[in-house]
Structure formats: C-alpha cells, structure tokens
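Please go over the structures that come below.
Note that chain A is present in both complexes that follow, paired respectively with chain B and with chain C.
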Partner chain A sequence: MKAGGSEQELREAARKLLKDKKVGVVVGYARGTGELRSTPAFIRHGKDADRLIFDRTCGISLVPHLRKALKALPKGAKAAVVAKGCDGRALVQYMAEGQLKRDDVVIVGVACDGVLDPRKSDVLSDSCLRCRYPNPPVYDVFVAEPKAVGAGDEYAAVTEFEKLGPEERWGWFQTQFAKCIRCYACRNACPMCYCEECFVDQTNPLWFGKSAEQPDTAMFHIVRALHTAGRCVDCGACERACPLGVRLGLLNKRIEKEIKERFGYTAGLDPEATPALATYDEEDKQEFIL
Partner chain B sequence: MSSILKIRKQELDQLVAALVARYRLFGPVDLDGTTVLREVRSADELRLGAALDEPAKTVFFPQTETLLHYDGDKVEAPAGRDKPTAILGIRPCDAKSLVLLDRVFRTGTHQDSFWQRRHEDSLVVGLGCSLPLETCFCNWMNLGPFNADGSDVMLTDIGDAYIAESCTDKGERFLKAAYKSQVQRPSDADLDKAGAVRGRARAALKPPVDVPAVKKALAGLWDSPLWDELTLECLSCAACAYLCPTCHCFDIQDEKVPGTSRGRRIRIWDTCMAALFTKEASGHNPRGSGKERMRQRIMHKFSYFVDNFGEAACVGCGRCIRMCPVSLDVRRVLERVRDEGAAKDQKSAKGVASAV
Partner chain C sequence: MNEWQPKILAFLCNWCSYAGADLAGVSRIQYPPNVRVVRVPCSGRVNPIFILKSLENGFDGVLVSGCHPGDCHYISGNYIARRKFAVLKAALEFMGVEPGRVQFSWVSAGEGEKFAQVIGQVTDTVKGLGPAKRLVKTAEAPGVAG
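Right after this comes the complex of A and B.
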C-alpha cells in the first residue's frame, strides 16, 4: 500500500512534534509482516517518521503501548499517540477514570474508515461495521479532515442475537469459549484492561481455575466483560488480537446497550462525565431487584 | 525399501478407516472458522491442507491434562488408553516439533509418563507443505516443506490425489497392512507432478538467516537495550508461546471440590511470557518486566535449547508471526539480534586495535 496524502501529513506532524521537542516519542503504526498487517512503532527521531503509516491494516489499539512508552520516558516528558476514533475514546475514558492527564499526551487524531478483520483480510472488523465514531473526541493535531459520523443502528447485531432462544445463544458462546487457549491476548490488547494485576493472575485467593476447560474459560471472558462494563469503547482490539478467532464483541456490545438504556451513559465521549459504574443515583432503575 | 502409493482424494475414507481401526485418530477440523486438531472418525470431518491454527503438541501434551484424582489420601490414576494415537495431515514443521518435544519429555533418567502414555507407538501421517505462507521459515531451521523428520508416512498433494510415501519402518508396516494388495502405484506422470509440487514449495521460501550466528550473538546481549525496545512492541501475552509447537512449559495445580476431600491434580500449559511464571511466594519476581521475559523466551529457544539438545527449539512454522496480535515477527527479532551482535563485535575489535 502506498503512502497517501494524509500519511505524508501524519509523518510531517510527527516530525514537527519531535523537532519542536513537544514530545519524547511518537507512538504510531509501521508496516508489519506482509501488506495486511501493521505493528506498533516508537518514533524518537524525525528521520524515522517515514516509517509511520495509517490505513485499514492499523487495527491495533496503541493505548497499551502508549502506557508503556509513557512509563519509559523521563519524568515530565510527553508522548504523542496516533489515535483513531475508538482509540481516542479509550483515551477520553482514561481521563474520566483518572488514569491519564490531558496534558501528558499529544493526541494525533486520524479519521478512520474502519480496519480489516485480520482473519478475513478483505472484510472490515465487526466493531467497525457498526462504528459511529470515526474521529477521536479530543485531539491536539488532526491529520486530514474529520469524517462524517456514522448514523446506522450500532445495536443491529445485538438485536438479532437477542431473538435467538437461550440455548442457541449459550451454544454460540460455548463455541467461542471452546476456541479459547487463555493466552490473554484479548486482555493485553484491550485499552481498558489496565489493572496492574488481573483477577486471573491472582493466586491468593485463586478466584478461578487455571484450566482451558469449561467453565474456567467462560468465567474468564464473562468476568472480563463485566469488569469493562460501561468502560468498553467497542474498539474491537480484543477480537482482532485473538489468535483463534474468539468473537467477544457481541457480549461487550450487549452490556454497552444495557448501560446506555439504564444510565444514559456512553463510555469515551466526555472526559468530565462520571463513569456509569462509579456513581449512584436514587433514581437509578432497579426494577430487577425483587 | 519404502512404499509409494497413490490415494485418490475421493478414496481418502479408506486411509481414514485404516487409521481409525488401529489408532485414536486426530486431524485438522474446522471449529467456527478456526482450524484445530480434534479426534476424527471419518474423512469428511477433515480439513486437510488448511493452515492449522493449533500446534500438533496439543495431541500429546494437551493444554489441560488430569494427572490424578484424589479423595483424602486415596489416589487414582486416570484411565489407561485403549489404542495408540495417530495424527493425519500435520505439516513437516509440526511433525518435527514432536521429535524435539520427545527429547524434552524423555531425557535420560527423566521419562514423562503422561507424554509417553499418549506418544508411545503413535503414527504420524504428515502432509507435505505445497504452499508455504509468507510467515513460513522452516528453511532457517534446517528443515524444508517436505522434510520427513517426525513423519512415518508423508503425503504429497498432486491435485486430485495424494502420493503417500513411507518414511519409517512403522509407516511402511502401516501402509502394507492398510492397503494389502489393492495398492495403486503412481504413474511416472504422477511422480513428476509430486516432484514439481515439492520443487515449487522449496522455491517459495525466502533465503535464510544464519541462525548459528544468532546464537553466538545472544551470548553477548544479556544487557542489550534491544530487549527494552522489543518489550514496548510486545503485548506480553502468551499467543506465541501457546501456539508454538515446541514451547512446552507447564504448571501443576490441585483443584479441590469445596467442602469435600475430593479433587484432581491437573497439568496446564504455562509460559515464560507470563509474569506469574516466575513470581515467588514472597511476592518477588526475578523476571519482573516484559523485558526479562522476552529475553528468556528468545534465549531459551535459540541458545539454551541448542546447548541442551543440539538444535534450536523452533521449527519455523511461523504461527507466532501469523498469530501475533501486534505482528512482532520473530525473524526480524533474530535479524536484530544478529546485527546487534555484529555491531558489538566490531566495536570490541576496534577497542582492541586502539589498545594495541
């Protein structure tokens, strides 16, 4: 894939940030193995900025890499990060959760047309097909022009799935969990899984068994989905990271819909908003409590 | 004298039936778009030729294996096997990995009875690799797309049929017993076709890197900043290790049924890429960050394993490249190691020259 105009603009923006000493590192994408993969790049010198790319192969969430890059920098130094709409939303959610100060990071926004599903190579990821947020909600530099916001029904797949009977739904999830080898690529690729110690890595007490059998695999995915409830920005990084094609997005999307209907809250849009599960209101719906 | 015969694809059932009669048979099957190794009973379940997403080790070294059941101080071993195991349709890279793992699990005084129980008397009917992927690098590891090491019988896909050739005495005995007199010999044209398939596959692989030079370089790179850079790129997940056909580390856990004296002891895959792997009871972790863990994995595969077993713990299957969530390519890592080593050598040579 050849570098388009906006890619040149992206490289220029990175060069300028480094030249003006605004940041110590630019976290972006470089070409990975083959034409259809990208890999994280840590650009520290203007001369290396030509490695940067942005296209439909850039499906990795760079937010976990940004976290590591910030830790590796001297105190007070900033990092820049290339952010699609969903990555920008993850950064906004970090700000809402007190994990990142707006001033610590320079957000280089890119408008996203959706990224490829790495297992199909010619089809967009499920999360991109339903995406309504192509542009990061906050940014310092924007490369090219922001895209028009999507207007489709982002819950269409969830609604279809809800029409199935409980056995069919559970059967579908069991097939997904049967593929899981507990490599935790989903968790490590997830921008919102930033816990210093994950519940599955705790040994005293050992909350869940370590096997790759049911129900251990199912419990891992269900509890992770609950831990990201009201926080998941549906970037789809977990599904794209999974080496065995476990499709988790539907579970997260269903929970997102619940949070939206009950609390009128959508994660990753407003850095000042209080996250849905970090607050309590006497008026909260509680008809499910008998 | 090895047997060569032709098996038409529509007659694959005969081969599968012969295998199922004598063995518990595993082969590649589709699971919701993912190709995994599962027990099979008929040819129509098989997805021969598709790139296998799981490594062959899962058959003999399953991710979760029950070692024993207990009730108080009574211990019960898991049930014995009724048949030996056979695998059909794995590539030569996966077949070779089983040879390497057999060395690990059955080394001198140490014989792993759980590995042995599954692996002993097993039969591998390998499928030669007609179309190496962009991520394949078996030739770096002194192997090739039709390397016979680890296969008892090797199939070559010539379009409408397979050419089956025995590679070991065991494979020879199996083919003779399975096909008796109805053997169809391949014609000269069939053999030419098979030769062309093999030639094309070999030509598709890119020139290899000098892997012994990588081992030499690793000896001087313990404190290299290369590991810091790599750990920024790496997600520190276990996809590479768990999908690696030669990674073989494991953990053992007891699972007690709450409120009873009953439980089971299981063995599960574990990996040096995980923080928990080396975390000590005190809370101290000698491999405290991704940097030390990444270094350990590369050192073990390309240095320590060579010292212990004479070969690297890698067969170039490329699953770790194809499946890596962030496209961290182990070939690029090896090239970076080689280049760092060469740069260091040059620097020290200069130092010596200036001291003289």
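Right after this comes the complex of A and C.
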C-alpha cells in the first residue's frame, strides 16, 4: 500500500521525536500479515520510522501496548503513541484513573475516518459508524488536520433495540452469548481491562464457572460491561478482536447512555474528572429504590 | 398451600436494614418467610457479582437494603452503592431480565414496619413474575452439555 501524505507526516513526526531524544519509543501501527491487517509496532530508531502506517486497518487499541512499552523504558523516559480519537479518549481515561501521567507520554494524534471490522468484510466497525470523537481530546502533535466532531445520534442502535420486548431482547442476547467461546480476546484487546488479575481468572473465590455454558458466559459479559461502566470509550476494540463476531458493544453503549443521562459523565474527555462510579452526588436520582 | 413460593435473597446492611429486620422481629410484625438474609457491613459492600451469582444459583429475586441517604455508617457507602445499582438495573432491564427480580431499598434501624412492608412488596412482585428462568444455571439451560 502506498503511503499517503499524512502517513509521511506521521513518519516524519516519529523520526523527529526519536532524533531529538524526546521519547525512547514510538508506539504505532505497522503493516501486519496481509494488506488488511495491521500490527502494533515499537519504533526505537529513526530509521525504522518508515514502517509506521495509519489507515483503516489500524483497529487495535495501542493503549495497552503503550503501558507495556512504558514499563520497559528506563525511569523518566517518555514514550510516544499514535492515537485515534478513541485511543486518545482511552489515554485521557487512564489519566483520570491515575494509570498514566500526562508527562510520561507524547500523544501523536491522527485524524481517523473509522476502521474496518475484520468480520464485516468491507464495512466500518459499528463503533466507528456512531463515533462522535474522531480526534484525541489531548495531543502534543497532530498529523494532518483534526476532523469535524460527529453529529449523529450515537445511541440510535440502543433506542432501536429498546423498542423490542423483553423476550426478544433476552433472545438476542442469548444468541450473542451462545457464540462466545470464552477466549477473553475482548478483554485482552480492551484498553480499560487493565486489572493485573481479572475476576474471571480468579479461582478462589471462583466467581463463575470456566466453561462456555450459557449463564456463565452471560455473567462474564455483564460483569465485564459493569467493570467498564463509565470508563468504556466505545473504541470497539473488543468487537474487532472477537473471533466469533459477538456484538459486545450494545450493552456497553446502553450503560454509557445511562451514566451520561443520570450522572452527566462521559468517559475519556476530561483527565481531571472523577470517573462516575468512583464518586457520588447526594442528589442522585433514586426513583428505583423502595 | 401448594402455591409456588419464591426464594428471595436479601443483602441487609449491618447498621440499618439488618437492625430494621431485627426490630420487625422483636415487634412481632408478620412478613413473608420467603426471604433469606445475608448480613453485610454496608450496602456498598454488595458487589453486583453477588446479585448475579444469586440469580444464577437459583434465587428468584434479590433485595439489597441499606441505610437512608445521609445515614451511612461509612459516610458514603450507600451513595456509591446507589450509583452502582442504577447502572446494574439499567443493564439487566436492557437485556430483558424482569425489573422486579433485583430490587433496592433504604430501611433504617427504626423502620421495622417498613422492613415488613418492603419484604411483602418484593415477595408479591417476584411471585407475580414466577420462577426465575433468565441467568439461572440449571441442567436444562441451553448450552449446557449433557
């Protein structure tokens, strides 16, 4: 694939950061196995910067890789990361949660037109179709021009789904969970699933059975959605990582809507804000409490 | 006599609702015997996993009860819990789980009457819903081998 103008600009920016010794490593994307795949790349020398790409195949979230890259660097050294809008929001959420210091990272923002979902052959990822934040909220360098903020109704799919009766809704979720083989690729790809030990890996207590039996699978997905509640930035990395095409994003989106309406909080926009479920307001609505 | 009776698990906070249940008891207020009580230090201690696990293991309904807002022994446990429960409730309803299966209440140590009334109300709702089928782990559940 021929490198476009902004790709050249991206490589130039990476080369400059490395040459000026501003960062020890640039975490970005390189061409993966085949034209439609990208892979995370860790660029440590300016001469390797030409490996960097950015296009519609760059769907992996680099945020978990950035954390690993930072740990490998000597103390005080910075890392740069190529960030789409959603990755930028994940970085902001990390800062809000005390997982990342703003000074440790150089954010290279890229203008994102959405990325492909490998299981939808030629269509954009669901989360990209409803994306409202194509640019990272904070960045140090921006390659090309920031894009206009999306204006569509990001909750259209949620509203549509809610028109169904409870029986149909449950039925749809059953078909999704039935596909799941509990490989945890969604969790591994998720920038927000950064726990050192995940609840599904704990054996004492064993929260849920390990098999792909229906209720256990459902529990896994519900609890994962709850653990990322008010933190999920709807990057869609989970859906793209899923080898079986489980539509994981809808439940997360519903929870995101609840938190936005109830607590007025949107994840990944303000590094100073306290995450919605880590705080409270005495005046929170409680119409559901007897 | 042979009417189906639901099993309901109640997580009661040590400082208010558990004492409220105790008061209902010593005051000899009648309430349905369908409820099994788990005493927790605070409603904030109740992890949503506990609620889901209760349903999975065969309870037909779950009640979490804590101190009224402003009365939490740990200052803010019930406020934090309120946020968690709002999200859990929205998620379960969205998935098609009946809203009445999982309920929340504030009952103070002085509200023996209210405790009995809440238990009555929850029991009636769950009775109306019938035995829990969703999220329940049974040999007949789809996807279970054998």
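Observations on the structure shown:
We take it that the second predicted complex is superposed on the first by the 290 of 290 C-alpha atoms of A that agree within 3 Å, B and C clash if a C-alpha of one lies under 4 Å from a C-alpha of the other, contacts with A are read in each partner's own complex, and residues count from 1 in each chain.
As a convention for this text, a residue touches a chain if its C-beta (ideal position, glycine included) is under 8 Å from a C-beta of that chain, and two chains touch if they have at least 3 such contacts.
Computed from a predicted model, the values in this text were never measured in an experiment.
With the two structures aligned on chain A, chain B fits next to chain C without clashing. In the superposed pair of complexes, A:Leu277 makes contact with chain C only, with no contact to chain B. Of the two partner chains placed by superposition, only chain C is touched by A:Arg262; chain B is not. Shared-chain residue A:Lys210: touches chain B; no touch with chain C.
Using the contact criterion defined above for the overlaid structures, shared-chain residue A:Arg37 touches chain B, although it does not reach chain C.
Set against each other, chain B and chain C differ in how many residues of chain A they touch, and the higher count belongs to C. Using the contact criterion defined above for the overlaid structures, shared-chain residue A:Arg119 touches chain B, although it does not reach chain C. For the superposed model, the angle subtended at the Cα centre of chain A by chain B and chain C works out to 90 degrees in steps of 10. In the superposition on chain A, A:Phe288 makes contact with chain C only, not with chain B.
Residue contacts after overlaying the shared chain place A:Ala178 against chain B and chain C alike.
With both structures placed on the common chain, the touch criterion links A:Ala218 to chain C but leaves chain B unconnected.
Put simply, chain B and chain C get as close as 7 Å, counting only Cα atoms, in the superposed view.
Chain A residues 178, 209, 212-213 lie at the interface with chain B in one structure and with chain C in the other. Interface residues of chain A facing chain B in the complex, by the touch rule stated above, are 32-34, 37-40, 42, 60, 64-65, 68-69, 72, 119, 175-176, 178-179, 181-185, 187-189, 201, 203, 209-213, 240-245.
Of all residues in chain C, those touching chain A in their complex are 48-49, 52-53, 56, 69-70, 76, 79-80, 82-98, 103-106, 118, 121-122, 134-137, 141-145.
Those residues of chain B that touch chain A in the complex are listed here as 31-34, 36, 53-54, 63-64, 134-135, 228-229, 231-233, 235-239, 241-243, 251, 253, 255, 266, 268-269, 274-276, 290, 321, 323-329.
Partner chain C is touched in their complex by these residues of chain A: 158, 161-162, 165-171, 173-174, 177-178, 199, 207-209, 212-219, 222-223, 225-226, 229-230, 251, 254-255, 258-259, 262-263, 276-277, 279-282, 284-286, 288-290.
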